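Okay, got some structures for you below.
Below, chain A partners chain B and then partners chain C, in two separate complexes.
Right after this comes the complex of A and B.
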């Protein structure tokens, strides 16, 4: 079983992008590629070959769920889990996002000191 | 006329119509079976003598016999018609003569021929009435055969005509006697007093009514001059003077005052006071007629006296009754040719029109003059209309009373058409000024109320006990798209529909506020949506049952307040807060994250000098995040968008979790959280929301507790509910703050919030969350004795009492 090393992060807000990248690289020691849109993510995903994809829900243009549907056509979601980040915390919405194929949902605002650990737990939860 | 000798015909029949008329004529003379009368006997004696016969008879033939009114030379008074000779005589128009009975086959076997009186000769002349009926005969009879000479025949006929004249006189005398008796009977029984005088005024006859009225017997008055006996001289003189001037001839103060007008063609009725035998005066109305004979000679006077005492009594009684009636009674006479008058008005006319009855004697004008100018024409029109239609008349008009000023009166009367085409009214008039004033005041009040209702910016609707709409003001009409008050409830739906506050669920009929109020409920601030032609209108309805002063339910009223605009502003505010919060959250996430990373030294050691400032920045960014979270929660709660995933679960693990989650926060305040008793019960809650509430309560308690104290979390069961309490040792809740504890942005002291780091929304959100989960929230506190915040939830499943 592969190790969790590379994380693809899709987020339109540059500040969140930066903080998240820092939190995952500095705290978790992962390699992070930040994409500012769903379209960019679709372009980069094959070349980057991430182990884990972190996807913002609300984005201009192609939003998170739409990006997920497109990603699903190219990659094996069992092998590369996708997790959403969202401010919306309704359990029904979380359920909806899971049904689209997301492994989990991380609620914003996140604790940057714990984000790496959170992602690691999610990654491990898919291992049998 | 057949000759008797030749005739063999049987006796004339008695059953023919002519015979019946003849019998009727005979009976009319009323002479049959009357006593002997010498006037008739003179004629029979004369006939016997002139014809030189021993027997002469006046014979009257009725249906079965001949009866002799007068007879000479015969003893029997009648014989059977079958054997009578006279039957043959009355069948013809001239003398019937039988010269020798034994030679005549009609009579040869007649018992009067064969026996007594042995008639051998008969001659009779018919007695013919002026109207042509032969009533009987004047006949002569001999015991020897013979013939009458022509002179004798003529004499017999002449005598016969005289006998008929005698019959006529007899009849006339009889009629006169009857007439006199009838007149006497009439006079005797007349209800008015009648006195008969000679032309010079001397009394000749007095009827019993006059005797009773005047106290004199007939004998006492007969032979005395009428005026001298019964009239007062002064009255006679006054009347004589008056008549002298009226008639332009001198009239003496005697009987002339009664007879003079008559001779000038006037039939006056005049009022007099006659002297009673006992000295009293008797009021009478006198009518005088002249009595003339057939030759138009004046034979005397008939004086009729009508007793007015009875009339005066009636008049008095009417006056007394009328005086008791408020207002005035009247009789009003309107002749076909125009003029109108009052035959009677009660004294009340003074009270109503300020006029005396005397002022109205001749004319209607004084009353019209008193009627308030602007009301006159309507009054006259209404009178004319009622007179022409003969319908009951009713009028309310104003009167310019000389003492009372302007008053309102009500008049009612019933018109009756008289034979001469005039109209007679009976009615009354009452003063309704007071009632009118009340009515006007009431009208004013009602008008005021109506204007008030129309001026309101609220819709006001009321109904009676049966649910019929009685009030539907202008705003109600606008909002419902029509005045539905006159329509049946089934038609209302054509104009508007009612929905619950969500704007989509139709309101059930029993949910309609007015209906609920009619059922006795007080409806307070019930929100609903009214959809007519246009945009939906959000309204708050307040409805109440209406009661009469004695507690009977008389209907219900609902007041609708339009909150559409308020709702719109609230929605805009919410949208604004929501948008702003969302927009704030993203940069805040970066700030918080960045600070957290810096403070954790992962980016390298932070110089000690910056450490404190970075701590401050980090804490405040966290506080800002919490505030935004709370604002968004509040928004969701208000918009009804917050979902609750209710699940039945044990309470205790939730309390334990809350204790763990908030432990580190409490420790930062130097406070220890402690879990006390917790019964093993299940509750149905959204666990995440329950944690939110517990966090709020525990963090509040920790914040307000002095360092070193402890906060106790515990639960107790009572009445099927479980109460979860958070007790602290802080300063407690001040009296001023108690009422606002659960309000948004409520903080005991505005300086507190910054110092204590709260958002001011926690308790308000907790209250909403607990209520959404079917519970209640509250607190108990004495200042400086700490506070105890609690919430209660229904126990689910098999509730177990505390061990």
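Right after this comes the complex of A and C.
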């Protein structure tokens, strides 16, 4: 079974970007690459070869769902779980995101101390 | 994780929180500025843009604030975001709801946010949120007829309060201003009281009058009371709704676009300032040679044209513009120091609609441009709409669909295209006559308008064929909506002479898929419509792909 090591995080808000990176690196011990836009993620995804992708939904320019579609054109997402982060909590929205192929949806705000554990359990949930 | 790592981590987190707190101050100031913009913006389209950008910021706050220990602030931002969503989704978003919303945002932005990690922060004050629609006060002596009118208007998305007599109406207006008044007048003597009510207000309210007869005296009295619509019983309620929409739009439509072509930049700047102060959007052009390209990019409704310019004269330029059919709707007003009436008239005869002699007072300039712009706009709306149904025409609905398809590729949210056709329509025309056929088409158009949302577009595609474009609506949702409309429509009974008849329709639906062009989507919807017809009509089918 592959191990979860590298996480690609796409988020335009610098504060959230910083706290996520800290939470995942310091608490979870993962290696995190933060991208500020979908376009940047597309450029860097191949070189970074992530095991897991964390996408913000609402971003200026290319939003989360669009980034997911474009990522899928570029790399094989069969074995890389993609999880969205969003402040929207309507069940229909979450359902829509799942339909797009998201493994799970993390609702903002989140607790920085718990985030790494949350990602780990999402990672494990799809392993069998 | 050992204690030292944990402590180091917490220190880092605290530092991030502090940075966020500093940023938060700046964000809240921005939010306050936007809320003030919202209060000052009156045009629906511009207001929508401000609302969208406030919503985006609230969304950001809702997501981030809680993560950094500002949980309550985040929660309130989320509630306000949902309120903005409701306003944006409302069929007739009202100005009062926007104002109350702006106040609530200002309140949020004006407080010093405290971190509530240790709890014990007090709960935010709860303000009752006004409903998001346009509020109409309806005065009608007959409570039953009034109630049935109110129901129809509510179906169109208005918030209707009904008052039985003038005293009650007066009191209600004093308590809270509505967006418009509809008054059913029994005697001409009532007009004086109405006029007095309007004069007592800072700005007269849009007023529609319903009366028994349309003679000269009562129409004059109505106009003097500030009426913008006059209807005779029996009432055609869809016509009344059209008129209501028009006068609400006139109040808060997009700003008029005016292009000034004058080689004297100083004078042009002065005019532009005056017109901008009157809420118009103005662009200045000092080189006449660039007029056509500027018109294409700016799309003006009124053109102010200097008569004497070095490269070519105003009348020459006007004639050139009139060579292009697409600019027929633009009003051309000449600006000149020319006081020789013969030469003025010669210029007008060449092309152009009016003449303004420099110097002109600020008020006169605004009045001249405003009246022409208003006229140009209502004409161009009338031209884009089908005269029988008031729906978009073939080319305009196709354009609307193409825009929506572009939008769905951006947002990833599916939209649906519906193609709808009356069953056995030729037979109805042949049996009951064309007037009866027209009635059927008008009734279907009204029913569709009533049942669909304001963000949906609706067009008459051909004789008895309609196309609807429903943003953020899956094919399954669209089928539910149209099945309900189908049942309601089939239940309507029509009259031709002493004969009574019923009509049904069939519809085909196709959902956007993020890559198909609008033409292809229409084709799929049309194929589904064909299947519906083939399977026996009076049904709704989704395209099989």
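By definition in this document, the second predicted complex is superposed on the first by the 128 of 128 C-alpha atoms of A that agree within 3 Å, B and C clash if a C-alpha of one lies under 4 Å from a C-alpha of the other, contacts with A are read in each partner's own complex, and residues count from 1 in each chain.
Everything below uses one rule, namely that contacts are C-beta pairs under 8 Å (C-beta built on N, C-alpha and C of every residue); 3 or more make two chains touch, one makes a residue touch a chain.
A quick note: this is a predicted structure, and the numbers were derived from the prediction, not measured.
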Touched partner set for A:27, first chain B, second chain C, both or neither: both
Most chain A residues touched (candidates chain B, chain C): C
Touched partner set for A:86, first chain B, second chain C, both or neither: second
Partner chain(s) touched by A:112 [first = chain B, second = chain C, both, neither]: both
Partner chain(s) touched by A:13 [first = chain B, second = chain C, both, neither]: both
Shared chain A contacts, counted only where both chain B and chain C touch the same residue: 13, 15-16, 18-19, 22, 26-27, 87, 108-112
Touching residues on chain A, where the partner in the complex is chain B: 13, 15-16, 18-20, 22-23, 26-27, 87, 90-92, 108-113
Chain C contact footprint on chain A (complex, rising order): 13, 15-16, 18-19, 22, 26-27, 58, 63, 65-66, 69, 85-89, 96, 100, 108-112
Chain C to chain A touching residues, read off their complex: 1, 5, 8-9, 12-13, 16, 19-20, 23, 56, 59-60, 62-68, 71, 74, 78, 81, 410-413, 514
Contact set on chain B toward chain A in their complex: 582, 585-594, 596-597, 600, 602-603, 625, 643, 645, 688
